[in-house]
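Okay, so here's the structure we're looking at.
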Amino acid sequence: MFILSDQPSIANQFLAELRDIHTQKDRMRFRKNLERLGELLAFEVSKTLSYQSKEVQTPLQSAQMKLPVDQVVLVAVLRAALPFYQGFLNSFDQAESGFIGAFRQEDGGEIGVNLGYHASPKLDNKVLILVDPMLATGTSCVTALQTLLQHGTPKAIHIAEHLPHPKAWSTYRAT
Amino acid sequence: MFILSDQPSIANQFLAELRDIHTQKDRMRFRKNLERLGELLAFEVSKTLSYQSKEVQTPLQSAQMKLPVDQVVLVAVLRAALPFYQGFLNSFDQAESGFIGAFRQEDGGEIGVNLGYHASPKLDNKVLILVDPMLATGTSCVTALQTLLQHGTPKAIHIAEHLPHPKAWSTYRAT
Amino acid sequence: MFILSDQPSIANQFLAELRDIHTQKDRMRFRKNLERLGELLAFEVSKTLSYQSKEVQTPLQSAQMKLPVDQVVLVAVLRAALPFYQGFLNSFDQAESGFIGAFRQEDGGEIGVNLGYHASPKLDNKVLILVDPMLATGTSCVTALQTLLQHGTPKAIHIAEHLPHPKAWSTYRAT
Amino acid sequence: MFILSDQPSIANQFLAELRDIHTQKDRMRFRKNLERLGELLAFEVSKTLSYQSKEVQTPLQSAQMKLPVDQVVLVAVLRAALPFYQGFLNSFDQAESGFIGAFRQEDGGEIGVNLGYHASPKLDNKVLILVDPMLATGTSCVTALQTLLQHGTPKAIHIAEHLPHPKAWSTYRAT
């Protein structure tokens, strides 16, 4: 499990602005911070992809470069994940996209997954990144994943979250 | 010295597109790739900043977070550095900015530094990041730095480059 | 009805790149073009908002400026509308957002509206902009609007589309 | 002369935030507002370009579209013009770029043009857009133009400014 804020970096500033009651009122900055965190997490996730040496034709000569070969699918949990998803898309600009409709249910504060809407490309042998910044306890995320697997069996699954509640991790580990 | 392409990541894809004679004709993508590399290098540079624990007032409670305390100054070498500089600015959105005018001279392929234009805020005790993506042999970069130091003595200096020629590193080390 | 391409402008270039089979393969440019068209259409829609004179405190003096007073709600029809919606959001950065899940049904080529997912803030007395770039015949858009009106009665409704089929207009007019 | 704020639009909001002493402290929003104004002014300037009917090959058929044929050159007056220039570049993504070094001189508050740095592509028969958001009285802008004309004779010249002082217009008209 990679935790972006484990090592101090400018990402801490973005997180602090997301959490601060003064700056979080600025919707444009709030979205920009989620987007920047998405870009940085995409960079970290990208280090786990498969790479192959390919020939690149430069103006001077041809060069060998290690380039990623996996097809990435980004699935955003609506509505909150969109700016976070946008950040991943800024980095993985050739990724395919899917969406799951979710909304915060009245009782208990848990985010329930609305199974009425899930759209995704085929997932077989692709790298699935589930983008869900507002996870409460993990149950909804597990349900979302189970729903998504109807679209195929990914080669790898990454779950990108922001500020999860400690209870979420125990739910994951038990699944 | 941090070299972004040492560990395979999506940054390799950005670098490959910058170098490839087919994709580098698309000016918008070329600038976007320089910008994305600037954002990632800014993230890496940010790990070297000084951090202090500060109190952040969240909607639920107050939290202690380690936040950067250095004032960053970004100095771009014109004209080529602008999209690369833009990437650094996307990450360090409260940084101050300076510029140095430079142009590629006719004889020899070396980039000469035009000392007729250099604008910078005071640099004393700040972290200076010199953004220069088109370095040829390093001489121009050293001249640029010497010029900049007229504006004060930074606490730390970072030089952000893209695709330097091997000869550049020997020039640096000899300085 | 405002048609952006009626007067030649740089928007024609964006439209041409969206339609051209060569450039439309570049997903990043495709999204960027939808986003830029969204920004320009938002600018045009903004001219129809209500404005009030407000006092702005500048560094030198206070000034009277006519500023928009309407609360804008952007509702995007998924999945295709997201980059187009992003353009509207770039311009209306304080807007609220809603989403409708839709998918292209197998039979007949018409886009059916999946009523399983619609999320929206209250719409009463707000300006609703329905963002739907992939409209086929207009039926789905009318269904989407009828669904949305469960969330309240907007002060004004704008429908932002891209490249509608001629048949769509007759469906609208008959409704 | 086209004045963006003559007709109320969302651009008024951007202008108000640029002028307001509270919001102008947020450097990221300040730059974003200059960028958005640049995009909108580029859209307006684009209506004055020359257009030719060209064939666009779509997935279904080929279509005739009126597309701009002029080569645009954007010249930014440093340092203040960069975010404004970025907005123009977002719209004219295939434009060439030039820069003029300028700085606010100590005496009198006038922005003097530092002739030590001006870099530009050839201007002959191109459309030159001079981007200078911090014009004080117009003298510096006229000097900048005279300097630029060393690089060739443009087909058309546009000057894009933000918040000019009334005195500036009389300087222009007398030139």
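Order of writing sets the labels: A, B, C and D. Residues in every chain begin at 1.
Going forward, contacts are C-beta pairs under 8 Å (C-beta built on N, C-alpha and C of every residue); 3 or more make two chains touch, one makes a residue touch a chain.
It should be emphasised that the depicted structure is a prediction, and the values quoted were computed from it without experimental measurement.
Q: Which chain's C-alpha centroid is most distant from that of subunit B?
A: Greatest centre separation from subunit B goes to chain C.
Q: Pick from A-C, B-C or C-D: which pair repeats the contacts of B-D, with over half of them the same residue pairs?
A: Residue-number overlap above half with B-D among A-C, B-C or C-D: A-C.
Q: Does the subunit C and subunit D pair touch with the same residues on each side or with different residues, judged by whether over half of the numbers are shared?
A: Copies use mostly the same positions to touch.
Q: Averaging over Cα atoms per chain, report the distance between subunit A and subunit C in Å.
A: From the centre of subunit A to the centre of subunit C is 26 Å.
Q: In whole angstrom, what separates the CA-based centres of subunit A and subunit B?
A: Result: the chain centres lie 28 Å from each other.
Q: How many Å are there between the centre of subunit A and the centre of subunit D, using C-alpha atoms for each centre?
A: Their C-alpha centroids are separated by 38 Å.
Q: Where in subunit B do residues touch two or more of the other chains?
A: Touching at least two other chains: 28.
Q: Taking the complex as given, what residues does subunit A use to touch subunit C?
A: Listed in rising order, the residues of subunit A that touch subunit C are 27-28, 31, 78-79, 82, 86, 89, 93-94, 97-99, 101, 103, 114-117, 119.
Q: What does subunit A use to touch subunit B in their complex?
A: 7-13, 15-16, 19-22, 24, 36, 39-40, 42-43, 46-47, 49, 51, 54, 56-59, 63, 65-68, 90-92
Q: Can you check the complex and tell me which residues of subunit D touch subunit A?
A: Touch list, subunit D to subunit A: 26, 28-29, 32.
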